[in-house]
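You will see two complexes here that share subunit A, one where it goes with subunit B and one where it goes with subunit C.
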Partner chain A sequence: MLKKTAIQKISDLAAELLAKGTLIAPVKESAGFNFREISDSGQVDFSFYNTLMSPKSAFFPQTEDFVRYDKNKSVLDAQCVDLNLKPIFLFGVRPCDVKSFEIMDIHFSGTGAVDPYWKKRREATTIFGYAFDLKTPADSADFYSTLNIGAADPEGSDIFMMKKGDGLLLKAITPKGENLLSSLGSLTEASADEIKYFDDTVAAGRSFKTRFTCVDDKVIAKKLEDLFHKTEFWEKISDACLSCGACTFVCPTCYCFDICDETLFAAGVRRRVWDSCMFTDFTMEASGHNPRTKVYQRLRQKICHKYSFHIRKYGVISCVGCGRCTRSCPVNIDIFSIVDQALKE
Partner chain B sequence: MCSNNPYIPMPVEIIKIIDEVDTHDIKSFRLKFLNKEDEAKFKYLPGQFSELSVYGKGESPIGIASSPTEEGYVEFTVQRAGAIQPGLVTAALHDMDEGAKIGLRGPLGNSWPIEFLEKKNIVVVGGGFAFTTLRSLINYMLHKDNRSRFGEITVIYGARTPGLLLYKDELAAWKKRDDIKTIITVDKGDGTWKGREGFVPAVCKDVAPSPKNAVAVICGPPIMIKFTLPVFFDLGFSKGNIFTSLEMRMKCGIGKCGRCNVGYKYVCSDGPVFSLAELDELPRDF
Partner chain C sequence: MSINFKQIEDKLKTEARKLLEEGKVSIVLAYGKGYDEKKPMPYVVRKTSDIENIVFNEYCTANMARYLVRYPRGTKIAIAVKPADSRAVVQLIQEEKVKREDLIVLGIPVYGMKNFKTGETIDSKTTCGIYNPVLYDILLGEEVHGQPVVSPYDVLVDYEKMDKDGRWTFWKKELDRCIRCYACRKACPMCYCDPCFIDQNKPKWGEKSPESQGNLMYHLTRFHHLAGRCIDCGECSRACPVDIPLYLFHKKVAKECEEMFGQAAGMKIEDKPALVNFRVEDSDKILE
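Coming up: the complex of A and B.
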């Protein structure tokens, strides 16, 4: 099922989605675009390239409350915080970011213990993927084609969207997307030409150029294992690293979190908050022992996690080449270059 | 969201506190489930751990010191932690009285390889405070329903001083049994100590357990492990027949928070128990 609307009328579509549930879409803020819950249908702005922060917060928010407690009361009186979710529409997700959800699914709900928060938010959400504009060159930091992700790959989205002139084409990819798309009155049927345009663009997206190096999962995993104890390599690449953790916070596939109790007088909340393997106290034990006191050990952990450990554990690289870490690094550390250098070692 | 949520602790009551050592910084906490269904679900094996949870302070991963053959409670031996900063949870626990209610999440992690240990001679080597899950294992194997499943059991346990030995009554009881060989040593005795003196590695060398159809289960401070392993290699124990339990900082305990990895393994969910053969495949990052 392929439908269409005019870009100018996107607020009508947004209004329909808002009537059905929660709409999360890119919004222009002073520093750039970010995914935000939208209350006014006019806020949806399709002039973005990609968002500063990844859309992972739709399923894995920076803070998630688990339990409310009162220190003066019994543990039996602690109140588990419920998630009352309306249907969620995550609108305008780039193909590389859509891919990140699949990678995170393996970790949060596909293997071992199931994270109920991730699962519940994921199930409540319909994903509107959105093709990169193939007429605009990729940002210099992007390298998603290295990870075998096309600029217009519809896989993983429930509904996949692309621009055609002043219009927006929307194709149902999953039954969930099909049901939703058929219920949206502001859309019209696409023509045979537009169906062809859609398919041609998906195909063209496969050969769209970003930075590219040939990375085989097993080769890079083994290479980094072999390099792990070659301290000079890691010291050199981490020389400028400030260990600030910005790369991990903007990353769509970083999932490390802390569980904190925040108490004001007697009342408090136990919540999870994003954490980062780049922080010094991340692995510090109560005894004072810390296996990763040095910056190179932490950057090594990050790189090896994404391009080696994750492959050994889950069978996939934990990176989608979205380029955010490179764009947000204050000292221009670039994971693509590190992987490229590692392969040449 | 509240039922079967692995992040939400089960309520338990501290029914007994045992002051284990003469420095009074290690106590055992015997916990009873406040909900019957929680108790029924809490099926564990020796070597597993749990998160002890005190709202307002946080959670700490602690090995289970009781054996599943002990019914009606689950026990944890907790050291007041914190060489640099005091450990919030362990300090709070140490300041609690019997009757206090706390939270518990678990059982977590894998266990000592019980099936692999069956029909084999077992050498248990422990040092200091790291004897808790070994005690669970020993009591499990000694239980009348289980004893015949295992071969000879040898226990070599050491502490710095006689006053720092854990579970003194049980050690004395094991010494009297003829179905377990119990060797206790201290680094340095006091005026009343009549037992062995010497470091655990040296005592292992002296006792020289046979590697024939035998498995060594070793847990202790890193320095003890470092010098004990070569003794067992020299005796002829293979790396696949030596097991130990790792520690890393943990939060979730279920392999989600990304904190406790050593290479591609999460210590909380892939461990904490690993054979030496498995550890050899992992980077030295712990």
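Coming up: the complex of A and C.
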């Protein structure tokens, strides 16, 4: 099912979605675009390239409350935090970011232990993927095509959208998307021409090139494994690294978190907060021993985890080439340039 | 007169080669190629074969003094410094984190540096607005004279118009956006504490989650830890992935400090940090 609307009428579509549930879409903020819960249908802005922070926070927010407690009461008063979700519409997710949800599913629901918070959010959400504009060149930090992700891949989205001139085409990919799309009154049927345009763009997106040439996952994994003990290589590539957490926090596939109790005057909350392998205290053990005290050890861990251990264990690279880490890095470290250098070692 | 970046780059290469070949230093902290011409990176030269990768252009904003404390004491280091960075080196020497005799300072007189994310000129806006390094052994290029003298505190005009409540609202709003990636403290040459107070959990000084309470605790404490020590390089603001204008607070504190104690941070090796030193004639304004 392919439907269409005009870009100018996007607020009508947003209003319809708002009436059905929660709408999360890119909003312009001082530092760039970010996915935010929309309160007014006029807020939806389609002039973004990609967001500063990844859309992972729609399923895995930076802080997630588990238990609220109050130690002032004579009997300890603690209550689990329940998620009561309305249907969520995650609007305008780029194909590489859609791919990241599939990778994150491995950790939050795919390997036996299921994270109820992730699962509930994921099930409540309808994903509106959104193709990159093939007429404008990719940002100099992107490398999704290197990882075999097309600029207009509809896989993983429930509904996939793309621009055609002043119009927006929307195609249902999953039954969930089909149900939703048929219930939206502000959309009109697309013509045969537009159906052809949609299919052509998806195909053209597969040959759309970002940086670097494709390399075999297994080759990268093996190479990094062989290099693991070559300290001088890792020292060299981490010379510039400040060891801040900017890259991991903007990353759509970084999933590490810490669980902490935040208490004020005996009342508080046990919550999950994003953590980062780039922080010194990330590996600090209770004994006081820290196996990764040096910057190179931490950067090596980050790169080997994404491009080597993850392939070994789950058969897929834990990176989608969205380029966010590179764009956000205060010292311009580019993760795939490091992999590229490793391959040349 | 404009800055000849290519000439500085060539001189940097020549000096780096000479210092390494003569065995005077074991590393040179300079700038190297990034993934894009406009995205240079901090670069550590260890061998003469690394020298060809050195670059210097208007986007080389990183403060290399930040990396000095990473090497064991006694390591002989040559460091390329722009004017603000040279103040960081001076401040680190004052604070006894590095020794003057272990350093060879390659000074770069420069203006018109640009933020590589936004492309805007940073000179006195987010940086200290000085054109010549305050400390150097070898000067790469000619001293800059005749450029308009702009006070680094001019950008505070709008900020200072706000009253107390206005500033509180302003900072609450700005700091609420913080994602706690700690890029600001990691980019800061004066933030060398290990561990940083915010990472401690016995006692726990601030919450880890990026919400008002913890964010204010982290930033306000960091602002005050840098009072009289911030050398106004602006790296914290440029490092911030969500563009929080941290420089405004640092500049405001630096201005007050300068007015009260008659010295700016990192200008002379003989100085002592304003809040470490006690002089009978010191201003009592801080107690009022």
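Here is the rule we go by: the second predicted complex is superposed on the first by the 340 of 345 C-alpha atoms of A that agree within 3 Å, B and C clash if a C-alpha of one lies under 4 Å from a C-alpha of the other, contacts with A are read in each partner's own complex, and residues count from 1 in each chain.
In the analysis below, contacts are C-beta pairs under 8 Å (C-beta built on N, C-alpha and C of every residue); 3 or more make two chains touch, one makes a residue touch a chain.
Values in this document were obtained by computation on a predicted structure and should not be read as measured data.
Aligning the two structures on subunit A places subunit B and subunit C side by side, free of any clash. Judged by the touch definition given at the top, the superposed model places A:47 against neither subunit B nor subunit C. Touched residues of subunit A, counted separately for subunit B and subunit C, are more numerous for B. Contact with both subunit B and subunit C is seen for A:260 once the two complexes are overlaid on the shared chain. With both structures placed on the common chain, the touch criterion links A:63 to subunit C but leaves subunit B unconnected.
Of the two partner chains placed by superposition, A:39 touches none, neither subunit B nor subunit C.
Figure note: vertex subunit A, arms to subunit B and subunit C, all at CA centres after fitting on chain A; angle 90 degrees, rounded to a multiple of 10.
With both structures placed on the common chain, the touch criterion links A:246 to subunit C but leaves subunit B unconnected.
Applying the stated contact rule after C-alpha superposition, one finds that A:337 touches subunit C and leaves subunit B untouched. Once both structures are overlaid on their shared chain A, subunit B and subunit C have a minimum Cα-Cα separation of 6 Å. Under the contact criterion defined above, the residues of subunit A that touch both subunit B in one complex and subunit C in the other are 258, 260. On the subunit B side of its complex with subunit A, the touching residues are 1-2, 4-9, 11, 34, 55-60, 81-85, 87, 90, 101-103, 247-249, 251-252, 254-261, 263-265, 269, 283-286.
The residues of subunit C lying in touch with subunit A in their complex are 32, 34-36, 39-44, 46, 62, 66-67, 70, 116-117, 177, 179-183, 185-187, 194-195, 199, 207-211, 213-214, 235, 238-239, 241-243. Taken together, the subunit A residues at the contact with subunit C in this complex read 29-31, 52-53, 62-63, 140-141, 211, 236, 239-240, 242-246, 248-250, 258, 260, 262, 264, 271, 273, 276, 279-281, 295, 326-328, 330-334, 337.
Here subunit A touches subunit B in the complex through residues 66-67, 69, 71, 74-76, 78, 80-83, 107-108, 111-117, 120, 225, 228-229, 254-261, 263, 268, 270, 272, 275, 277, 282-288, 291-292, 297, 301, 304-305, 308-310, 312-313, going by the rule given at the top.
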